[in-house]
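Same chain, two partners: subunit A is paired with subunit B first, then with subunit C.
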Partner chain A sequence: MTDEAVRDRGVGTTEAGVLEPFEVFRQEKDGGPMVHGGSVLAPDPLLALHYAREMFSRRGESVRLWVVRRADVHELDDPDVLAPPLDRSYRKPGGYVMRDKLAAARERAGTSKPKARGKSR
Partner chain B sequence: MTDPLALDPVLPRAERSRLPFNTAASHGERFDAFEAHVVAGGKVEATDWMPDEYRTAVLRFVEMHANSELMGVLPEREWIMRAPTLRRKLALTAKVQDEVGHAQLLYRVAEDLGKPREAMFDDLLAGKTKFHNVFHYPTKTWADIGVIAWLVDAAAIVAQQALRESSYAPYARTMQKICWEESVHIMHGRDVVVTLAVGTPAQREMLQEALDRWWAPLMQMHGPRSDRSKDRDLHWRIKAKTSEELRQEFLTIYVPRVWEVGLTLPDPLLGLDPATGEWRYSEPDWDELRSVVTNHGPRSEARLEFRRVARAETAWVREAILAAPRAAA
Partner chain C sequence: MTTTAASLVVGLDAAVRSGLDALLLSMADDEFVLGFSDSEWTGIAPMLEEDVAMSSLALDEIGHARALYELLAEVRADGRDADAIAYDRSPEDYRHCRLVDRGRGDWAMTIARRYLYDTADAARLEALSASSWAPLAELVAKLRREEKYHVMHVSTWLDRLARGGDEARGRLLAALATLAPDAATVFTPLPGETVLLAARVLANPLAEAEARWRASITPDVVRLELPMPPPAASPERGRLDHSDAFRWLWGEFTTVRRMDPEATW
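Right after this comes the complex of A and B.
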């Protein structure tokens, strides 16, 4: 990416003499998720991207990099909110156990278990 | 039959204790909850509350590691211009760049714990903080480059792999990336060593001489045996293994590979004890280790002076970076 292209993506300004942390996200292959890689300290997003390129793609191991000012990251990590101690099993496939009921249904209907064809639910 | 899950609607509470974050609790209660959290295998993020004792301990550990990566390139960079082929020169340059990159990543982790990078450089150059013993020695021949990249990096990676389990999560994550890159350095070093091992008699002699010189520092590198129960870094899971565990692991993997290529090691006692399954070796010279890491090694002062000059010469770059806020697009 050229410096012009980076600048076009919107480079903010900072006060002189201030370095701030930027969180770096990287995409390993096209279509993959952006994964947090680490952070760099820079005065602005342009230099943060240059540092990120040196740190996280020396071997060509990233196809895309994002830098985000740490101050712009909003965090929620309260387990009381994210994972309250309530039964959520009905939201997951493993929450439905019907082996014995199915066996009973087959017995009542006089049928047998169909041959497995692909993945069944 | 009833679904067993339906009988017990309350799933286990999230493991992470909220008590350390409860500002209404007393310091003692928060400390105890924090300690229970890390001792049980819990992780700590940079933005989490942590007791000063833990913050200081992680900082000291990571700072020493960062210093070692930064100073560790100096012995090797001396050979960039003297590398025997273009491919070797490219590989060595890339390794040096990787190690500086590791220093950058680790200083970043340390900075987040509250110590500015400039203060860490000040302390390193003033001799207030340390770097690994192996980087205080001279590199006399090209064979040293092979032995360093293979065995010094191997001894380091044994420690670094264990650190991927560190309770301090930003450090553990950084270690994942560093280990991945170090594995290339080990292959590069082993290739240099094996190439010399199948070379001329003079090359084989040069290789053996280098290994003989490096063996003592390598055996000292992980430090003296320590009492597991008294090691707070272990207790808090900042690190995962004792010095002796790391040394044994290093010996188990690498001694057979050294012997495999016809090299010998300069320790008559070295051998695997069939009764215990542990390696026996002559007691390393711990006085030498203490002397070297307090900057009394053969090249300590020269390397620090090189860094001082480099820092002064590049000051204008840091000033330019700090002074130049970009015009709004």
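Right after this comes the complex of A and C.
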């Protein structure tokens, strides 16, 4: 449901029932993640839930719905902040990338990389 | 890093290398000491989410220190690596500024220090972003991208403490009264600064970066009714005369290294 479509119908501007967008999150199975499904226009959270039910669970495809006023969604999408440029490998489960360090150590020790186990046996 | 050590410093004369040495050491030591100081919040920050955030910021600073020490190791090219520069010195030989020399303090001290340091660091990095020495300009571009979040985080906290009621504001003002007189030591004139300026390694004098820093914090200072930090009392000693708090911190962060300096990791 887009803002334009609503304007075509001549609603959304009266004081009594100003429509605003709500983001809809739905859960397919109990215990599963709440996934963003789309959005609806409604004058309040209760009607937003009704509309969300019609849009996102009419065929029984959801076991839970959440609606959140779009105005209450705060966004962060700055790549400087979300994907900083320096090495963060130490924060990943594998830890620091050791390849270069191992290669340097092997060079110092004058040994070569051990062959993959299995075939040579 | 793909460039080789030899190519990084080719074309730099001895005086420029010496100036660069002082510049990189001062920046790396600032980040290193502040990083270790802030890492002391790990496990005891006011709440779990902030504990993770502050620990992560502290690690960022140590990461920045590492990158700067690595560059310094290439400038020196004496076979000593970043770890050796970072750890194998006596406390008197560190060149961090007095602002980060006092130890952790309470949360207001940490936020006040981070605010003053992060905003000052941003002004210093700006002065280096057009450095004629490409390896430094490249690193500074990365550091500036990361420091953007640091300023976002600490500004949010500064706001909350300044407007968070009598105790929060009182503690923040007390922290600023202690730290603000040292804030300008981030811009302590460097030995060899004139050489760096002539070679365009440093685009503007640090004194000019200080003026830009003051302009950049003026909106916060006015809006939150905070005191503007005074000029440094003894500018020439801004990176000397370290405190007992720092000597204690040094003992902590060099413990493992001193147990076995030859150990490889």
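Observations, loosely collected:
Everything below uses one rule, namely that the second predicted complex is superposed on the first by the 76 of 121 C-alpha atoms of A that agree within 3 Å, B and C clash if a C-alpha of one lies under 4 Å from a C-alpha of the other, contacts with A are read in each partner's own complex, and residues count from 1 in each chain.
The working rule: contacts are C-beta pairs under 8 Å (C-beta built on N, C-alpha and C of every residue); 3 or more make two chains touch, one makes a residue touch a chain.
The model shown is predicted, which means the values in this text are computed figures rather than measured ones.
Look at A:Val97: by the touch rule set out above, it reaches subunit B but stays clear of subunit C.
In the superposed model, A:Asp30 lies in contact with neither subunit B nor subunit C.
Considering which of subunit B and subunit C touches more of subunit A, the answer is B. Shared-chain residue A:Asp87: touches subunit B and subunit C both.
By the touch criterion defined above, A:Ala105 lies against subunit C but remains apart from subunit B after alignment on the C-alpha atoms of chain A. Of the two partner chains placed around the shared chain by superposition, subunit B is the only one that A:Val40 touches, whereas subunit C remains out of contact. With both structures placed on the common chain, the touch criterion links A:Asp72 to neither subunit B nor subunit C.
Residues 78, 80, 85-88 of subunit A lie at the contact with subunit B in one complex and at the contact with subunit C in the other. Residue ranges of subunit C in contact with subunit A, taken from their complex: 60, 63-64, 67, 142-143, 145-146, 148-149, 152, 264. Across the complex, subunit A is touched by residues 1, 3-5, 8-14, 16, 18, 47, 94, 97-98, 101, 104-105, 108, 111-112, 117, 170, 173-174, 177, 181, 321-329 of subunit B. Taken together, the subunit A residues at the contact with subunit C in this complex read 78, 80-81, 84-88, 105.
Listing the residues of subunit A that touch subunit B in their complex gives 7-8, 10-19, 21, 37-44, 46-47, 51, 54-55, 58-59, 75, 78-80, 82-83, 85-89, 95-97, 100-101.
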